[in-house]
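In the two complexes that follow, chain A is the common piece, with chain B as its partner first and chain C second.
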Partner chain A sequence: MIELYILLIFMIIGAIIAIEVKDLLSSVIAVGAVGLGLSIVFLILKAPDVAITQLVVEILCLIILIRATLKKDIPFSTSGRWFLNTLITLGFIIIFLTVAIKSLSDLPEFGYPMMRVAKTYLREGLAKTGASNIVASVILDFRAYDTLGEATILFTAVIGVLTIVRRIGRKKENQQIEEEDE
Partner chain B sequence: MSKEHEKGMSLIVKTITRLTVGLILLYGIYIVFHGHVSPGGGFAGGVIIALSFIHLMLAYGREVAFRKLSKATASVFENLGAILFLIIALLGFAGGYFFLNFISKGEPFRLFSAGIIPLCNIAISLKVGAGLFAIFVALVLLRLDGESKK
Partner chain C sequence: MIIYLLCLVLFCCGIYCILRKRNIIKIIVGIIISEYAVNLFFILTAYRVGGRAPIFSSEAEILNMVDPLPHALVLTSIVIGLATTALLVAIAMRIYEKYGTFDITKIRELKG
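Right, the complex of A and B next:
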């Protein structure tokens, strides 16, 4: 248990360094260290599936972030209509809270049917699906709808990235930047 | 700087990449196919497969990587994975409901077991691998274009 707390402190320190350090590359590497600590935490908590996924996604994110931050600083646009933005954010928070209070009052009491669904999965997972990896049987059989939603999210993300950075949409912006530089 | 990047990294990096990139790809395929038996699964395996191609692109430059897996092929694979996953889900209607495990379960702890779960893993790995590679390629091409303009 003590190693868990050591890793937790390491991750918190890494996150604070990532926020506070001025150099962008150092910040990215600090974020990577936090992700590595998190994957080791998953391994200690006996969740190797999540640990593998966390590790490989962390590596991929690190490569993309380093490629994106090595050359020039990313411009931040914090000025402008901060009052309107804050107002819209507050409005949405209030709407979500109202809807959540209404809908959460219909749910069963917190922790009342203690682990009923999870117990069923653990008991009948192997017999019902034939998959000896219980995680695979949950994400691809019992909860396949969730996985379908995840796949849709990734699909939308790829479409969004390809749409934003495609050549047609970029040309005008580059010309404008050049004009400003000249 | 940009010219060096187009040609790739140094000879040491290229040699090590040539030796290891096949093993990384093979490990990703292993993780995908054994997703229902051991830890791993379609998502992690797909990311490892994408990482092997990104490894190739970082070490050798984009021309070599595009010869192995071009941008058009990547997007075809991504759509193929998504459609395959949906088709597997819809085929469940033949026996009753969405995502029905309609293939026989087989013997546990074997490679060919668990019905549709390995097939779903393969579909997701195609989707994730090709999708993440496409995102990486899009961001890298954006960088290179911006540099050449300057």
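Right, the complex of A and C next:
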């Protein structure tokens, strides 16, 4: 499990670099490093489906973000109410951490999940759905309405993107943003 | 328990970025980072010591599988995250076209 800790610390360092670096393109690339590290963590935690999806989504996300930041590298101001903003932010984070650490003690220990619902899926999944991959049988059979809702959200997001980037009454339509949503 | 704490630290990095930064792209970066942290937390709760990936095979009997339910939920959540990121970036680019800046303190006129 030591590699898990190393990867998580790598991800935290990548996140801090992404937050603090001045150049926008470098920041986006650092986020890409964090996402790819996350995909390896999923693989170590025995979630291959999630790892594959994370890899694909990460690359698409990177393309969209690079498209947004290209040639638009503007230094951003940090002047004005610097102290108050930092104080409010740190206060919020401290409150959040206190509550989260209090509630962490109620979780089952790492490595020993309860699996109350999943026991049924594991026992009857193969017989009921005929899929050998239990994750696929959960998202496509037991919880198919979730997937329907996901498709609805994707459709709504695509319509929203098209509405925002559309230009009415202009001839050139070549500057459409990439909508690589699945 | 320490691994949950590291995951929380990652989430707090994202929250700090959302609340503190003034560049719209940086705010989007913060949202993406905190989303990663939440997904990671779900997969961490699903892990089982010595567990195997939840895929049956015909010849071997696999006994201890990891929890497949959070995997399915996170699979949905990742794709939705991509859709919302695309929407956010589209809005940010529209704002850049109109105001010529990503700085949220310079965007003052709210009428369309």
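What we mean here is this: the second predicted complex is superposed on the first by the 126 of 182 C-alpha atoms of A that agree within 3 Å, B and C clash if a C-alpha of one lies under 4 Å from a C-alpha of the other, contacts with A are read in each partner's own complex, and residues count from 1 in each chain.
Note that in this section contacts are C-beta pairs under 8 Å (C-beta built on N, C-alpha and C of every residue); 3 or more make two chains touch, one makes a residue touch a chain.
Since the structure is predicted, the reported quantities are computational estimates derived from the model, not experimental observations.
Novice: Now for A:112: first (chain B), second (chain C), both, or neither, which partner does it touch?
Specialist: The second partner, chain C, only.
Novice: Counting only touches as set out at the top, which of chain B and chain C does A:158 meet: first, second, both, neither?
Specialist: In the superposition, A:158 contacts both chain B and chain C.
Novice: Touch test for A:49: chain B only (first), chain C only (second), both, or neither?
Specialist: After superposing on A, A:49 lies in contact with both chain B and chain C.
Novice: Using the superposition on chain A described above, determine whether A:85 touches chain B (first), chain C (second), both, or neither.
Specialist: The second partner, chain C, only.
Novice: For A:130 in the superposed arrangement: first (chain B), second (chain C), both or neither?
Specialist: first
Novice: After the superposition on A, what does A:95 contact: first (chain B), second (chain C), both or neither?
Specialist: So A:95 meets neither chain B nor chain C here.
Novice: Pick one for A:146: touches chain B only (first), chain C only (second), both, or neither.
Specialist: A:146: touches chain C, not chain B.
Novice: Which partner reaches more residues of chain A, chain B or chain C?
Specialist: C
Novice: Once the shared chain is lined up, is A:31 touching chain B (first), chain C (second), both, or neither of them?
Specialist: In the superposed model, A:31 contacts chain C only, not chain B.
Novice: For A:59, is the partner it touches chain B (first), chain C (second), both, or none of the two (neither)?
Specialist: It touches chain B, and chain C stays clear.
Novice: Going by the contact definition given at the top, which residues of chain A touch chain B in one complex and chain C in the other?
Specialist: 48-49, 53, 57, 60, 64, 67-68, 126, 132-133, 135, 139, 147, 154, 157-158, 161, 165
Novice: Which bits of chain B are touching chain A when the two form their complex?
Specialist: For chain B paired with chain A, touching residues are 31, 35-44, 47-48, 50-51, 54, 58, 75, 78, 81-82, 85-86, 89, 98-99, 101, 105-109, 113-117, 120-121, 124, 127-128, 131-132, 134-136, 138-143, 145-147, 149.
Novice: Using the touch rule from the top, collect the residues of chain A that touch chain B in their complex.
Specialist: That would be residues 48-49, 51-53, 56-57, 59-60, 63-64, 67-68, 71, 126, 128-133, 135-137, 139-141, 144-145, 147-148, 151, 154-155, 157-158, 161-162, 165-167, 170, 174, 178 of chain A.
Novice: For a test of understanding, state which residues of chain A touch chain C in their complex under the given definition.
Specialist: On the chain A side, the touching residues are 4-5, 8-9, 11-12, 15-16, 18-19, 24, 27-28, 31, 34-35, 38, 41-42, 45-50, 53-54, 57, 60-61, 64-65, 67-69, 72, 74, 76-78, 80, 85-86, 88-89, 92-93, 96-97, 100-101, 104, 107-113, 115, 117-118, 121-122, 125-126, 132-135, 138-139, 143, 146-147, 150, 153-154, 157-158, 160-161, 164-165, 177, 179-182.
Novice: Can you check the complex and tell me which residues of chain C touch chain A?
Specialist: By the definition above, chain C touches chain A via 1-10, 12-17, 19-23, 25-26, 28-30, 32-33, 36, 39-40, 43-49, 51-58, 65-69, 71-76, 78-87, 89-94, 96, 101-103, 105.
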